[in-house]
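Multiple structures follow.
Paired with subunit B in one complex and with subunit C in the other, subunit A is shared by the two complexes that follow.
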Partner chain A sequence: MSSPLLQIRDLVIDYGKGADRFRALHGCSFDLEPGQVMAVVGESGSGKSSLVRAVAGLVAPASGEMLLDGQVLPPLRQRPPHTRRMIQMVFQDPGASLNPLHRVQAIIEEPLRVTGYGDAAGRKRRVAELMDMTQLSADLATRRPRELSGGQKQRVAIARALAMEPRILIADEALSALDFTTQDHVSRLLSDLRRDLNLAMLFVSHDMRSVRRMADDVCVIEKGHVVEQGAVSDVLYNPKSAYTRLLLAAALNPRAALSDPRLAEALENGEAVSEDALKGVMDIIRGGALMGDAR
Partner chain B sequence: MNAAATSMPPSLAVAGLRISAGGKVLVPGLSLTIGRGEIVGMVGASGSGKTISAFSLARLLPDTLTQSGEISLEGERIDRLSESEMRKVRGGRIGMVFQDPLSSFNPLRTVGSILVESICRHQRLPARQARELAIDTLATMRLPGRKASVDAYPHMLSGGQRQRAMIGLALVNRPALIIADEPTTALDPTIQLQILALLRHQASSAACLFITHDIGAASAICDRLAVMNEGEIVEEGPTDRLLASPTHPFTRELLSHAPGGARFR
Partner chain C sequence: MAFTSPPAEKTEMMERAAVRGRSLWDDARARLLRNRAAVASLVLLGILTFLAFIGPLLWVHDSSFIYRDRVQIPPGLENWHLFGTDAQGRDLLARTLVGLRMSLMVGVVATAVSLVIGVIWGATAGFIGGRVDQLMMRIVDVLYSLPFIFFVIILMVVFGRNIILIFVAIGAVEWLTMARIVRGQTIALKGMEFVEAARAAGVSQFSIIRRHIVPNVLGPVVVYVTLTIPAVILAESFLSFLGLGVQEPLTSLGNLISNGARDMEVAPWTLIVPALTMMLTLFCFNFIGDGLRDAIDPKDR
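Presenting the complex of A and B:
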C-alpha cells in the first residue's frame, strides 16, 4: 500500500525558549488521505491553529514528524516550489489577507504570475475558471476587496489558494467571521470542491454543523492536548470528553444546557464542567432534540 | 401577571420609533415593551436594523441618522431629554454591553478604575467606597482574585473575562435597562455559554434587550424573541412558542441556518 498523502507523527510545538518556553501542542498524530477532510476543533489558544500552521510550514515543530507523500516536510523556506504549491491556506479574516489596493483579477492571478503560469491571456482564462469554480460572478473581477461582501472575499481567498492546484487545503476558521447563512454557502462550496478536485482538507472550526457536513474525521484539542480523535460519526454522536460535550451543547442546544440549574451555575462561575454534569444535555441532544424542543 | 406588576410601568416602552437617514427610512415604526426581570432578544441578520434600533434607545445614533417616537424608561419619557441629561442616563439607568470590550475599554486604564469612574459619576460615592463597590462587582461577575482583576488592564484579561468585566460595568449602577449588543459573538462557543449563563442570572434585577444575529444564543436566555427584518419586527413571541412553531418565513430562515436549528442527524 502506498503511503498516505500526509502523515503527522507525535508533533510537538513550542513557543519561546528556556524558562519562557510554552508548549502549544503536546503531541498529535494523524494520517490524511487524498480527498479526506479532517476537522480540528478547540478553543482559542488550544493549539489547533499551531497544528495547522506547522503543516503549512509557518511554524517549526519542536519535535515529531511531518511527511508529505512519504517525504519529510521541512519548514516553509526549505520547501521546494512544488511542495509549497501542494499545501495552501485560507485564513479567518479575508479582509486582512487580501490586498485592499488590488482588484479581484490581480489577487487571484498573483500566484499564477509568481509561479510563471502561461502568458497573460492564459492566466486570464485560468482566473475566470477559478472564479467560476468558486461561484464568483465574472463581473466581480474588476472589484476591489472593500466592494465585496464577507462571503465573496472568502471565495476570492479560496480561488487564490486553488490557483496553485493544491492537494491539501487548510481552512483556519475560514467560516468563523461570516454570518450563518454565508457560512452555509461557503461550507457547501468547500464540500463541492473537495468532491470535484479530490482535495484533502484540514478544517479548523467551532461550527459543529459544518464539521458534521464536511469532515470525515475530527480531532478535538484542549489546552494543547488531543482529548478526542476519530470518525465524525463516532466523536460527535458519542462524545467522551467534557469539552466536546460542552461544545456540542453550546452549538446544538444552548437552551437545554442552561435549563440545567447545576450546569448553568458552573458555567456562570466559569468553573470546569464535569463529563457527568453534561450527561443530561447529551441525552437531550442524542434524542435529536434541538433548540426548539428544549424544556 | 399580578396586580402590583401591572400597576408598575414597564422598564422599557418604545412606541412608534422611526429612524431615517436623509430621506431613507431605516426603521419605519418600532414598538416594544420589556418588563422588569425580562430578557427580550432582538434577532436578525446584519443590516436588519437591530443595532441602530438598540442604539437609538440610548440616543446614541450618529448625526447622519434622525430618530423620532416615544421611549419611556420606567414610565419616564427619555426621548425628550437633553444631551446632558442623557449622559446621566447612559451608564446609569441604561447599562450597555458591546461585542468587543477590547475596543470599548480605554486600554490605558485598569478595569477597576473604569468601574470606579462610572460609579463616581452616577452614584456620587466617595472614592474608597466606589473602589469597594468595583471590587465587589467584579467578584460577583466571577472574575478571579479580588485585587488582581481590579488592577488588571483590559488586555491582560481573556476575552471571556473582559466580557464579564463589561457586564459588571453595565450593572454596577443598578440600571433599569441593559442593552447587550452581540455580547457573545466574538467568543468561543463554550465561553459564549458561560457569558450567557452570567448575563441571564445577573440581569434578572433589570430588564435586558439582547441584540444578536444568533437565534441559538438568544434562545438560551430570552423570555421573548422579536425577529427583525428590514427595520421591522416581523414576528414576536415567547421563546418556546417561537422556536417550536415559527410563523414568519424569515424566522424559519434564521432557524434553519442556526447551528442547532436544523435537525442534526
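Presenting the complex of A and C:
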C-alpha cells in the first residue's frame, strides 16, 4: 500500500516568543488520502485554523512533521512551485479574500500567470473553464468583488484555488460567512468538485450540519488538544468526549444546551461535565438527530 | 398589508447593485464630479496653472524688467499694468504669475519627493515588520521632533542658499506623515486574506506589493497628496517671508507677499494681489482634497 497523500505527525504550533509564547496546537496527527474529506471542528480559538494554516504553509510549526506524498512539506517560501500548487486554500471571509480593485477575470488568472500557464488567450479559456466548473456565469468575469454576492465571491475564491490544480483543498470556515441557502449551494459545489477531481479536503467548520454532509472523517480540537478523531459516523453519532458532545448539543439545539445551567456553565468554563449533565446532553443530541437532520 | 415598499436605503442599494462593471475609481470620480466646490476648484486651479505657466510668455511685460519711471503705479489700464507695479517699477501681474509658477512647482516637486520617499519607506516598514519596522519608524519619530526652521537654517548655513535646498528641506519634513499613513495601511492590508491567497499561490513579494498592496493604499495617499501640496506652498511662503526662501530675481508668492507687506501703506495692491492669488490657490487645493476624501470613502471598500 502506498503512503497517504498527506501525513501530519505531532504537529505543534506556537505564536510569539519567550514569555509571550502561546501554544495554539499541542500535537496533532492524522493522514489524508486522495479524495478524502477531513473535517476539523472546535470552538473559535481552539487552534483549528492554525492547524490548516500550517498545512497551507502560512504558519510555520514549532515542531512535528508534515509529509506530502512522503516528502517533507516546508514553509511556504521554501516550497518548490509544484509542491506549493498541490495545497490551496479558500478563506472564511469572501469579502476580504479577493482584491477589491481586481476584476474576477484577473483574480482567477493570477495563479495561472504565476505558474506560467499558456498565453493570454489560453489563460482566458482556462478562466472560463474554471468559472464554468464553479457555476459562475461567464458575464461575471468583468465584475469586481463588491458587485458580487457572498456566494459568488466564495465561488470565485474556489475557482482561484482550483486554478492551481491542487490535490488538497483547504476550506477554512469557507461556508460560515454565507447564509443558509448559499451554504447549501456552495457545499454541494464542493462535494461535486471533490468527486469530479478526486480532491482531498481539510474542511474547517463549527457547523455540524455541513460537517455531517461533507466529511468522511472528523478531528475535534479543544484548546489546542485533539480530543476525538475518527470517522464522522462514529464521532458525531457516538461521541466519546464530553467536549464533542457539548459542541454537538450546542450545534443541534443551542437553546436546550444553554437552558441547562450545568451545561451553560461547563460550556463557558470549558470544564469537564458531570455524568449527570452528559445524560442531558445525549438526550439533546438524540433529539437533534431525530429532528430530521439525519443523513 | 403583506407587501410594503422597501425602505429608501434599500432601494438605493438595489439600484447601485444594478449598475454593472463599474470600478471603485469610476464611482469615486462620479462622486467627485457631483461635488460642486471640488469641480469649481478643479476648473479654477486649471485656469490658474495655465496662466502661471503660459501667461508669462504671452504677457506684454517681462517679470524682471524695471521701468524706472513707473514705480508703484496703482492698478489700471495705463500701459497695461493691470495690477500696477512694485517698488522697483516691475509689472505686478507678470511677477505674480511667475511667483505662482514657482509656488506651484515647489508644491508639486516637494510633494512628489515626499510621496516617493514616504510610500517606499512606509510600505517597506509595514510589509517587512518586526525589528526593521521598529527601526525605520523610530527614525521617523526622531526626524519628526526636529524643529523645522532650525533644520532649514542649518541647511542654509552648511550648504548656502539654493533653490534645491528648499525642495529638500520641505520634502524631508513632509514625507514623515506620508510614511506613517502608508505603513498603517500596509499593515492592515498585509493581514488581509487576498494577500495570503496571493502568497499561497506563489506570487512573488515584489508582485504582492505592486499588485495588491500599493494600489489599495493609493486612495488615502491621493487624498493626502492633495492636502500636502497647499501645506508645502505655505511652508515655502513662510520661509520666503523670513528671507530664507526663493531669492531675487526669482520670486514666489511668499516672496511677493513679504515685499508687499513692507510697502502696504503706500502701495497696498502689492500685498493684496499676491495674497489673494495664494488664498485662491490654497482654497482650490483644500477643496479638491476634501472632495477626494469624501469620494474615496474607505468605508465603501
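In this text, the second predicted complex is superposed on the first by the 262 of 295 C-alpha atoms of A that agree within 3 Å, B and C clash if a C-alpha of one lies under 4 Å from a C-alpha of the other, contacts with A are read in each partner's own complex, and residues count from 1 in each chain.
Simple rule for what comes next: a contact is a pair of C-beta atoms (placed from the backbone, for glycine too) under 8 Å apart; a residue touches a chain by one contact, two chains touch by 3 or more.
All values derive from a computational prediction rather than experimental measurement.
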item: First, second, both or neither for A:70, with subunit B first and subunit C second; value: neither
item: Touched partner set for A:34, first subunit B, second subunit C, both or neither; value: neither
item: Which superposed partner A:184 touches (first subunit B, second subunit C, both, neither); value: first
item: Which of subunit B and subunit C A:16 touches, first, second, both or neither; value: neither
item: Touched partner set for A:247, first subunit B, second subunit C, both or neither; value: first
item: Subunit B versus subunit C as contact partner of A:118, first or second or both or neither; value: neither
item: Subunit B versus subunit C as contact partner of A:58, first or second or both or neither; value: second
item: Overlapping contact positions on subunit A, where the subunit C interface meets the subunit B interface; value: none
item: Parts of subunit A lying in touch with subunit C, wherever the complex brings them together; value: 56-58, 76, 79, 81, 84-85, 87-89, 91-93, 96-101, 110-111, 114-115, 142-144, 146-147, 157, 160, 163-164
item: Subunit A-facing residues of subunit C, complex; value: 17, 20-24, 192-194, 196-203, 211-212, 215-216, 301
item: Subunit B residues within the subunit A interface of the complex; value: 45-46, 142, 159-160, 164, 188-194, 196-198, 200-201, 213-217, 219-221, 239-240, 243-244, 253-255, 257-265
item: Footprint of subunit B on subunit A - complex, ascending; value: 43-44, 179-181, 183-184, 206-209, 212, 237, 243, 246-247, 249-255, 257-258, 264-265, 267-270, 285, 288, 290-294
